[in-house]
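Data block below; observations after.
Naming follows writing order (A, B, C, D, E and F), and every chain is counted from residue 1.
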Amino acid sequence: MSGIVEIVIAGLILLGAAFVLIGSWGLVRLPSTMERLHGPTKATTLGLGGLLLASVVFFQVRLGVWTAHELLISLFLFITAPISANMIAKVHLHRARTGDRPDHDGIAGPPPRPDPDGEGEWATFEAPHTDTQASIENP
Amino acid sequence: MIAIALQIAAIAIALALLLNGWRLYRGPALADRILALDTMVINVIAVIVVIGMMGGNDTYFEAALLLAMVGFVSTIAYCKFLLRGDIVE
Amino acid sequence: MTLLDHLVIAPVVIPAIIAPLTLMVMRRRRHVGVALSLAGCVAMLVVALALFGIAQDDAIRAYPLGGWPAPFGIVLVLDRLSAGMLVLAAVLALVVMLHAVVTAVDRKGWHFHPLFQFQLLGLNGAFLTGDLFNLFVFFEVLLIASYGLMLHGQGAARLKAGVAYVVVNIVGSALFLIALGLLYGLTGTLNMADLGQRIAALGAADQGLIRLAGLLLLAVFALKAAVVPLHLWLPRTYAATAPVVAALFAIMTKVGVYAMIRVVPLIFGDAAGAAAWVPAPWLLPAAVLTAIIGFVGVLAARAMREQAAFAILGSTGTLLLAVSCWTQATTAAALFYLVHATLAGAALFLVADVTLRRRGQYGDAIVPSPRFAGQQATGLLFLAATIAAVGLPPLSGFVAKLFILQTSVTAEPWALIWATVLGTTLIGVVGFARSGSTLFWKAADDADPIAGADRSRAELIAPATLLALLALLTLGAGWATAQAEATAAQIYAPDRYAAAVLTEATR
Amino acid sequence: MPLMLLMVLPFAAALMLALGARGGRRMHVGIAAGASAAGLALLLLAAPAVLAGTPLTARIAWIPALGLDLSLWLDPLGLLFAGLILGIGLLVVIYAQGYLAKAEPTGRFLSFLMLFQGAMIGIALSNNILLMLIFWELTSLSSFLLIGFWRDRADARQGARMALAVTGGGGLALIAGMLLLGQAAGSYELATILTRGAVVQASPLYPAILTLVLLGAFTKSAQFPFHFWLPHAMAAPTPVSAYLHSATMVKAGVFLLARLWPVLAGSDLWFYLVASTGLVTMLFGAGVALFRNDLKTILAYSTISQLGLMVMLLGFGTPAAATAAVFHILNHAAFKAALFMNAGIVDHETGTRDIRRLGGLAALMPLTATLGTLAVAAMAGLPPLGGFISKEMMLEQSLHAAQDGRSWLVPLLATIAATLSVAYSLRYATAQFFGRRATGDVAAPHDPGMAMIGPSIVLVLVALGFGLLPMTIAGPLVRAATGAVIGGSPPALDLALWHGINPALGMSALAVVIGALLLWRRAPVARWLDGRPALDAKRLFDGAMAAIVARSRDASLAIHAPSLQRYLFMLFAVAVLFGIDAALTPGGLPAGTRATLPASPVAVVAWFALVVATGIVVAMQRQRFLALVFISVIGLVIALAFVHLSAPDLALTQIAVEVVTILLMLLALHLLPKVPPQLSSLPRRSRDALLAAVAGIGTGWAAWAVMTRDLRDTVSSFHWANSYPGGGGTNVVNVTLVDFRAFDTLGEIIVLGIAGLAIYALLEPAARGTAGRRLREWRHDMPHSPERHPMMFVMATRLLLPLALLVGLYIFLRGHNQPGGGFIAALVVSIAILLQYLASGFDWTDDRRRIGEHPLIAVGVLIATATGLGSLVFGARFLTSSFGYFHIPLVGEVELATAMFFDTGVACVVVGAVMMALAQLSHVAQRAARNRDQADEETSA
Amino acid sequence: MIKRLLPHPALTAMLVVVWLLMANSITVGGILLGLVFGIVLPKFTEPFWPDRPRVRFRGALLGYVGLVLYDIVVANFEVARLILFRRNRDLRSRWLVVPVALSSPEAITVLAATISLTPGTVSSDVSADGRFLLVHALDVADADAEIARIKTRYEAPLLRIFA
Amino acid sequence: MSLEFLIASGIAVLTAGGVYLALRGRTFQVVLGLTLLSYAVNLFLFAIGRLVVDRPPLFAKGVTDYADPLPQALVLTAIVITFGMTALVVILSLRSFLESGSDQVDGIADAVPGPGQDRA
């Protein structure tokens, strides 16, 4: 194993680990739910990404074959992580609005209405319209 | 060198897990806890990858892949439960 | 390798095929499903009888599944004990199934037939297997099928009792797994014959753990067999479920006893060090209490099903009195009684079923009701069933009790055993005399007979068949006791078992 | 063979009567009488040989293991008894024809009667004491049926139950006694036992044997203090009383004493127990009889008294006394049966049995009165009837008996008893037949037809004959029977009315005189007695019984309270107790010496998370939802542990199962109440916590002890070595599952399949009935967002479905060689489909599914089983796998294994069961929601 | 013919690639098997994904992916700095309402996912009529500039891809 | 601290928690208790194969050090069976609640009947 490759691998590992840690630190230290939601995205993206890249290189060197399948993990996370974030945000919005503790709104305050002039409301607060093309409400 | 880096990474991730645990324990909102759990799953994937490299075999890949794929399902389900009560409508 | 050699797997394979088939056809063609199910029961009986015949040569046959030799793979073992249990299960199943079809209980809910077949699969597998973990698996099969059957038809009381039944048994399964873990962790094997040999070779440091494993196994089996104080689930469960199902369950408690009889001499025999005959000191007092509580319950019961449930409890106690002596002779007596008690318990439940169907709103409560259709015939059946249940002559229960009393006389606490057997019999007699005279003699004043004269007499066939079988068992008691003795002789020769199982040729 | 025929006849008759219960009354009587007569004829045929000293025997081997054979013999004693049974049986059957009302079910009645007759014959003929036990208990049972024949009458039912309880209970004691006797004598064959009296009496078991046997005999023969059931058995139809309670059943006890006389008699213990019991009973019965007013009750107490007499005689243990007993058996049978029939006639004709409402019947019913008076005379022991002779013999013997050294005591008491019996006998006759005329409810009673009166004529003639020509009629039989009783050569016999003047004659005369005087002065005593609260055995018995039942009920209810918590506590407690037991074995539960593995920081953190999460789950009383979240944490930690500890398959399974479990619980939680459960009391929680702690520490310690031990050769080294060459796969866990232990897996998928079926059966009807109503009444318990199907989520699941299926296929295909396999693949697929349900709703998804859960489960089990059977075709064992490597152009080397088919079956069942559980559960929720909407519309409209 | 076999070539291609990645080797057999699955699975799952969008401009797609990856890395460092060094009270976190010109739900989802994946912004909700995205930003000075950036940098290419 | 200790104490904690919860009176708590208990049992069964790090039981020629595959297979079977049982218990308790209106394990009525007065 050549020195440079080793350094690359070690660097990637440390980078990944650092972002994982920072993400979790953000989760702890940021002041309210919506802000905290930003922390873990680092872990999902660069944190794990770094570790997985390190793994790719590592096993290439170790076993002599390209084992790119680690990238699949990232692929799946890229598909799923935004959904998790979205749903958690919805929960936050919903409970902040209906719950008995409105102070959960955090720094940004309550969300503005989508269209200041229109009648519309966010989907969490109002059942999605069924007549728009973007609607996926099942009949 | 890689070994040392892995050790450091392991400790860092362990620390991260502890932090997640703290958030999970403290809340205060349910959304916070779900978020903490979700993050924990991500971090466990990281642990698994690190363990895989430490042990030098890649049979752990599947576990990580599976977690990445289905780990979010429970997060979603918890959210859906809080939003709608009924997770399947 | 002739087809006959493969017959051992038939008791498992037949229901494994019949059950899914009935599941598939049931929705569209009910009668085909019912016919299939009945045919399955008949086939199982035929196979069981054939196996019983094969086992008559006193050889112990091992069937290594997948061709993997014991102890590495799972073996099925055909000996007199397993063959006998198979026949018993098949006979009971056929009769109960007939009754279920005749009384249309199978239509009262979903999936009666597949669950029934799976239940048999579990029973048969448990009787045949020579591997302890596999025994666990089949315990689970028969348990979960029994949950389904127990809840068949539902209703609030049944569901609540079901929760208790299921939860308790799940915890029991957890204990089973822990015991299995200990055994494997200490010996590195799961085959029963192999376990016996390896336990004998364990060092002094392992004695406590192996004793623990043995005791935990005992607890599990005692839970299944409903031994005091682990019996608490039984009265409620059996009284709450459909009587037909309860009739089938008459054999469920016996599976626990079977497991004790199978496992203890084989694994925890003389050579097992601190674990030798490990249940012995605990089992006897528990059996005494079980018999007493059971028959006192018979006396105290206020409904026929409750009474039958307690009778089953009492019979388990009596049975375990014999088992707890752990001698070849008492085990033979126990086996004979086991067969009798199973059929008698089932008969009681079937009679209860017939009665409660005919009494309308009075159900099976032990209160006087107006005259109802077939009161004479039902009363006679009840009389015969109770005679069998308490063990009075002329039915085989008396012979069985004599057998137990005679063989247990060599045991240390024989006086206690005798007093319990005879005393509980008296309590049972009084209890059943009370309920029978109230149900079938006493009539509620000034009331019109309960409608239902059109009730089919066919309902009486199944209970009558069981009682006829008991009569046959009495007449053929000479043969049956000889069978029991031969079976017990095999059980108490674990070396022969081990030799047969562990040296079977590989694939 | 005639013995067997004799034995079978009554049972055959009973069976015929039972089957032909709808036939005519004449036919019924014909069958019963025919059977009795035929039996009697057989007996007569056999009699000469038997009396000549060669007992008939017959034997059919039955249960050699028990020493229980169908072994019969007919010796003189048996002959005497069988003769009584059949002879009186015949008369009773004839009498019953007249007695029973037209509406009564004679078929049933006679069937029971024949059953009883068979049982009695069995007792008389048994040459095997175990066989005798069977018949013994049968008599109790059949008498239960006969006493309770008039089932509508409360006293009949109670009387029947009481008789059964007492005689059946005694029978149980007898069982123990007989078994011990067999043990002591070394045989259950009566003929053999009878020769081993010395052995038995020398045995340490002798007192126990004697006590137990006597318990049986005394209960059956209504000896004090077990007598109380007999008067209440009078609720039976009178033919039954005549048969059972005079001539036969109650004599079974006496017969037993006589039968076992050679073995058991002769000891001091025998004398004291038997003779004194008999004496007391004789006195007591006679005394009570004098003050009763019901005809049958008087007869019942007199029977008790007379039975006491016979028992006492046998208790004396001398051959002469035995002779007297045997002769009195005959006499008593004759006159008592006649008297019962007489009472029945009076009852039948006048409508009452109350002696105070009767009188002067002699004028109206001369024949009845004559017969009654004669029979009473026999009972009173007046010449020239047989009763006189046997009473004389009794008094004579009492003089020879020395009780407790006070030689005057026995004769005195015997005389008193004789006096009393004279008194009640005379009262019985005079009050009914003579004096002031009173006829009960009927104006002009008259003598009944021949069917009813005939039998008593015969009996009274016999009784007369016993007195006038004793040696001719009874001599040979009594002599031979006595010989059989004492087990030696029969003593010289001289039965005659006149033996010259001797003390016995004096005592007898005294008894008659004082008895008559007593009757004269009876009224004041009776009045005095009427004012006293009588000690009523029945009330005592019933009260005791009711109390016992009530206490049993309380105890049973208290023990079996419907409490799952109790069930589980017991189970855990037993397990903990066993743990303690094991820890107390010598050596205890030591830990081993195996080197341990160091723990990494991650492991410590994970452990910490596990412990804290468990604590929170336990402590989370208020928030069930959060408890679930922490369960997820625990699952995650365990999956991590599996990964770390070299179990990738387990980790995969754990991860997938965890998700499904959480979904399931959330679905259920939705419909379950989320109220904070009430806390149980502090002591209870402390108790549970203590138990839990001990259980936890014990389990943990056991795990520690095992883990720190070195393991010898395990069977899994074979699996390791054979998985590739023999199983065709490198993933040993998977090869174990689908090959080495495929049978386990077959069972396991069946468990899953059954779970699916059971769940379906549970949930399918949930929308109806109470549950349906409750679902309809269901209301939101928290504010809900109006959005059902979040767009991003739905879109993501659409892309994820094909991807997840692909992953599932991948995991499935490689499972044999790498972590994975059918089970995990199936879970992945299930989760992918469940995601669709989550995102797009039940209806939408369900419409698009192609295969139902039921066929999946069915087909899965079938595939797995068929794969196993496939190997049979190739001559291999069930579930034998085979595999091969095939070269396919372009693709290259491909491995195909039958295990894959098996795994396909596994996968099908798993998908089916998982989908069944979750889809069905969510469907209930669905229906709940729909019902709710409907209800809302209705209320708003 | 090809159209019928491969109604969704993009999905098929994706499945083949994923398969090869999982199998972790590129062999003829692997590709063939992947193709089989790539053809069968979309067919099989068709009912679950009605109206699959047609994806154009494959080059644009790749460019978009590269752009997003680049942004992710940059944003990661940016946000890491925020988390580590910015005091809470100095955080300028706020809600952004992003009007969306995209119409198909798939496209909107991709846009929202992109926003979420780049640290610093999380798309929290869609308006009920699907015309606005609610985005939470961790720290923005100028909300309108940020909205404009999202629209030009992400939405514009997506409009071309999901034409 | 050794891995063995962590596992053993983990089993102990899970068992204790499971036993305690199973003895509570509400079906949901009992279900949670059973879940904990089954975790404990699975870990126990797994642990009796002894702990091995980085040696998954994937056969390769010449390898002599590997995790015992048999307990793993047993645990797999146990997990599956436990899942089936858990599913049944969950649904059964739900069903019995629907039928009797009380989620007390023995159907004893509540002081506060009906579902849901409290936030989840």
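Please note the rule applied: contacts are C-beta pairs under 8 Å (C-beta built on N, C-alpha and C of every residue); 3 or more make two chains touch, one makes a residue touch a chain.
This structure is a prediction, so every number in the text was calculated from the model and none was measured.
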item: Chain nearest the global centroid, as defined over all protein CA atoms shown; value: C
item: Relative to subunit B, chain with the most remote C-alpha centre; value: D
item: Centroid-based (C-alpha) most distant chain relative to subunit A; value: D
item: Interface with more contacting C-beta pairs, comparing D-E to D-F; value: D-F
item: Approximate Å spacing (C-alpha centroids) for the pair subunit C, subunit F; value: 29
item: Between subunit A and subunit E, centroid-to-centroid distance (C-alpha), Å; value: 13
item: Euclidean distance of C-alpha centroids - subunit B vs subunit F, Å; value: 21
item: Between subunit A and subunit D, centroid-to-centroid distance (C-alpha), Å; value: 69
item: Of all residues in subunit A, the ones touching two or more other chains; value: 25, 37, 39, 44, 67, 69, 72, 76, 79-83, 86-87, 89-90, 92, 94, 123-128, 134-136
item: Interface hub residues of subunit E, defined as touching at least two other chains; value: 18, 22, 105, 108, 112-113, 123, 126, 128, 130
item: In subunit F, residues with contacts to at least two other chains; value: 22, 27, 30, 40, 44, 47-49, 53-54, 56, 58, 70, 77, 81, 84-85, 88, 92-93, 95, 99-100, 105-107, 120
item: Contacting residues of subunit A [partner subunit D, same complex]; value: 76, 79-80, 82-83, 86-87, 90, 94, 98, 123-128, 134-138
item: In the complex with subunit D, residue positions of subunit B that touch it; value: 10-11, 13-15, 17-18, 21, 24-25, 30, 33-34, 37, 40-41, 44, 47-48, 50-51, 59-60, 62-63, 65-67, 69-71, 73-74, 76-78, 80-89
item: Of subunit F, residues touching subunit D in the complex; value: 1-32, 35-36, 39-40, 42-44, 46-60, 66-70, 72-73, 75-77, 79-81, 83-88, 90-95, 97-101, 103, 105-107, 110-112, 114-120
item: Contacting residues of subunit D [partner subunit B, same complex]; value: 600-602, 604-606, 608-609, 612, 616, 625-626, 628-630, 632-633, 636, 639-640, 643-644, 648, 651-652, 655-656, 658-659, 662-663, 666-667, 669-670, 780-782, 784-785, 787-789, 793, 800, 803-804, 807, 811, 818-820, 824, 828, 831, 834-835, 837-838, 841-842, 918-919, 922, 925-926, 929
item: Complex contacts: residues of subunit E adjacent to subunit D; value: 11, 14-15, 18-19, 22-23, 27-29, 32-33, 37, 41-42, 44-45, 47-49, 105-106, 108-109, 112-113, 123, 126, 128, 130
